[in-house]
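For reference, the structure I am asking about is given below.
We call the chains A, B, C and D, going by the order they appear; numbering starts again at 1 in every chain.
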Amino acid sequence: MKDEKDEKWRARLHEIIYESNTVAGKAFDVSLLVLIFTSIIIVMADSIEQWHNHYGNLFSTLEWSFTFMFTLEYLLRLVSIKKPWRYVFSFLGIIDLLAIIPSYLSIFYTGAQSLLVFRGLRLLRVFRIFKLTRFLSEMKFLGGAIKGSFTKISIFMLVVLTLVVILGSLMYLIENGQHGFSNIPDSIYWAIVTITTVGYGDISPTTPLGKFVASIIMLMGYGIIAVPTGILTNEIALQARKKEQKHEVCPGCGKEGHDIDAKYCKHCGTLL
Amino acid sequence: MKDEKDEKWRARLHEIIYESNTVAGKAFDVSLLVLIFTSIIIVMADSIEQWHNHYGNLFSTLEWSFTFMFTLEYLLRLVSIKKPWRYVFSFLGIIDLLAIIPSYLSIFYTGAQSLLVFRGLRLLRVFRIFKLTRFLSEMKFLGGAIKGSFTKISIFMLVVLTLVVILGSLMYLIENGQHGFSNIPDSIYWAIVTITTVGYGDISPTTPLGKFVASIIMLMGYGIIAVPTGILTNEIALQARKKEQKHEVCPGCGKEGHDIDAKYCKHCGTLL
Amino acid sequence: MKDEKDEKWRARLHEIIYESNTVAGKAFDVSLLVLIFTSIIIVMADSIEQWHNHYGNLFSTLEWSFTFMFTLEYLLRLVSIKKPWRYVFSFLGIIDLLAIIPSYLSIFYTGAQSLLVFRGLRLLRVFRIFKLTRFLSEMKFLGGAIKGSFTKISIFMLVVLTLVVILGSLMYLIENGQHGFSNIPDSIYWAIVTITTVGYGDISPTTPLGKFVASIIMLMGYGIIAVPTGILTNEIALQARKKEQKHEVCPGCGKEGHDIDAKYCKHCGTLL
Amino acid sequence: MKDEKDEKWRARLHEIIYESNTVAGKAFDVSLLVLIFTSIIIVMADSIEQWHNHYGNLFSTLEWSFTFMFTLEYLLRLVSIKKPWRYVFSFLGIIDLLAIIPSYLSIFYTGAQSLLVFRGLRLLRVFRIFKLTRFLSEMKFLGGAIKGSFTKISIFMLVVLTLVVILGSLMYLIENGQHGFSNIPDSIYWAIVTITTVGYGDISPTTPLGKFVASIIMLMGYGIIAVPTGILTNEIALQARKKEQKHEVCPGCGKEGHDIDAKYCKHCGTLL
């Protein structure tokens, strides 16, 4: 009898914490997001030296409160689920743990507190709430397009990586190890900065030949940036076309590819 | 009798000020645009210290003349419309007010004059004139495409924001709060500068690990920039296809939107 | 009789200079391109101070030789054409004149020689030679796509211009006229540098609020860059589709839209 | 008899070294890749001054081991192939030679060792292994799209080159040879840095007119970057459509490449 009650209580808790289709569940999700967001703002504010000197104690108190609340939440999650280990080793479970461990570590090691930035990953929970709205289908759509173009973009990235290794090494030879091109890794870093059109300017060629080669690299980068865009655009178009088309076969003429809102076959006029 | 005359006079004024399909209305619109444009040039010129020292008085006189003219225009707009409050709280109404208030405020507060830059927003009126030309349909087209891709781009922006928070925090830890990565907000600012490929170079990594992580962020930004382009390109294609589709009305059910090569109405099966 | 001979001689000269479908005409075009190219290299080399000091006289002699040859070419063009004024006031005619005037001007004004850079425009002649190859159709294709998307891109550019005026002015207020944001034109210049993702870093925000607004501008620029790409991509797709489709109507079923290589109607099997 | 045995042994060696569809062949390819990769890491590490001073001898020994192994591999490749000269003058053959020559050269000339960076090109062998997987078709696909858009992108690059020559020269005149615009080649380098939106900031305009012209160049670059993306996106779409098309062979004429919805062969009119 007690077990059954216990079971009911656990099911109710599970519904609130893990689901978001009840009023209480949604309220829990939203308030958790607000807590995570506030917690991150506090970590950020504490990183500003001036503010740390003035409000350090306040920030510290707040951080410990957040840590306490997140610990409580973590324990409730463990208690309310049937297979706790599955949650512990899930992606979100690890992030949830990473968000509370640094505070406790900071008791023993002073630097550990700065690891609190991993709380930023908890912001990813924001997507859980979107699950309920039309965002879900749009996210699936975008995710599908990115997944579909993954092989092509991987190949592209491999070519780009080989390219920056060679071009970076070449510039190291040309600039003769000077003007910021101190070694090959630094020169490869420069090549990546250049080919992605970021262009910090912390390292930039100074010899005429270096400038000439850099110009060619930049113009190449110009053409290269078109490749991932082209791949993704077409993948999105493909996904969109798939979504649009009804794959129902016309009973009259056997053709498919009708619009979603079509009642009759557009080829022979048969009722679909 | 007098009221009727008054009504006619108001209708005429309304036609000139709010409409632009009469000669007088178009002339009013164009001269208003010229005034706004000149006014902004004067505000800009006055912001250049050297010129302010030399021609400060001239600029001041001109600014007051523009303020007077814009105030007059604002009052005429109020008078000539039947529901003045609707105009006052409309988007353009608020901008029109913002364009004259700073001058009057500057009598009491010396700094207020610099708020005149909000006059820049009045340039948006330029689109009113385009309403008459083929620009209208093109603007509707572009607007439709941007509106259609809004949800997808919002999701994308949320992912980018979560990403820059995490990556910025990570770089703050790696660069150990030095070399411009003084605090987390500054590091997030750096991450945004990097991932959008702007790359000022006011903050740039100096440690080997920092450069390595920055390289990965840049290559990620390379792929990421493809997403909004892909989304918008396909939305524009969708809008274009919609526009292209035959607007022939089905004789059976009165619906339109059939494919160009459709023989039968896809809604009711009637031969088109 | 003499006139006729004169006429023949002029026609021959015209063929060589203006046409490029004869061997002599093509030879003339290619050697002219080589001359223009060499001339530009000399102007470039002369602009390097060190080289100017060493080889100044040589460069000067070469420049005068090129000027002499280009003058001769210009005169021959005038002589060999029936309506010389039409050439003089044509786009290429004005460029050809601009390429020789600075040298003569430099006799009277010392600085004029630097105007020789306008010779760079003569490089556009390179496209004349391509006229003979498959480049012509590709160029027409690209030109058509750019022309077709002109209205849309103009509207887009107007929105961007309004945006940078407002955002630049805003940053001038926020950064309070300091750190390079000395006046509104400079701040607008910064806004353009930022929104186009160029990001020199000669001006960059230093106040927290400035960095925050700059971050928003950058993320906006991220989305904005997608617009012209989206417009042009679809225009190119439209042009490609137009080119692909044969507009021949099938005599059997009256349908069009057949592939270029189609011999038989794909709808009813009739010989096209 | 001995010859036959010799032949068998050579065939076996050829299979291991040149093919990768046997277990031994794949093992050879993978271990070669690991060797190349490690070798490049060593060259990179040796270029860092601090590490060179500490571990210079170790790096030198390792480099000689790699050189020895690559020389052995090169000799085996020569021995196991029937037409050795064909390999020697092939693209990969030249790269393989370039990867070992610098080490031997460094005995006579001290600087030659730095040419070892050409080993980076050997990374291109990574694509050989992909030949076996689905990467092959994707690579062919991407390669086809790039090849198909080559003419269009060449024309575009020519226009961009002409543009940067003219704009660079113009900025040299405007900035009067100062603030980094010391000569025309440097100014052209600046124009390329700007129009590709890299924007190092090592050279940036300081005069008001210079900033104005630079702003126009940047906004142009904004539109221009859309062109290669548009071209490539459509080429990829074209390739995708080609791949999609029904490869059904016409029973009448044996040709394929028909549209998905085609009823009759478009070449000979036979019912498909």
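Everything below uses one rule, namely that contacts are C-beta pairs under 8 Å (C-beta built on N, C-alpha and C of every residue); 3 or more make two chains touch, one makes a residue touch a chain.
As the structure is a prediction and not an experimental result, all values here were calculated from the model.
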Distance in touch steps, counted as few as possible, from chain A out to chain C: 1
Shared interface numbering between chain D and chain A [over half = same, under half = different]: different
Rotation, 0 to 180 degrees and nearest 5, that superposes chain B on copy chain C via CA atoms: 90
Where chain A and chain B are represented by their mean Cα positions, the distance between them in whole Å: 29
Multi-chain contact sites of chain A, meaning residues that touch two or more partners: 185, 188, 197-201, 225, 229, 231, 233, 237
Contact footprint of chain D on chain B as seen in their complex: 197-201, 229, 233
Contact footprint of chain D on chain A as seen in their complex: 151-152, 155-156, 158, 162, 165-166, 169-170, 172-173, 177, 182-185, 188, 194, 197-201, 204, 208, 211-212, 214-215, 218-219, 221-223, 225-227, 229-231, 233-234, 237-238, 255, 257
Residues on chain B engaged by chain C in the complex (per definition of touch): 40, 43-44, 47-49, 114-115, 117-118, 120-121, 123-124, 126-127, 130, 134-135, 138-139, 141-142, 145-146, 153, 157, 160, 185-186, 188-189, 192-193, 196-202, 225, 228-229, 231-233, 235-237, 240, 261
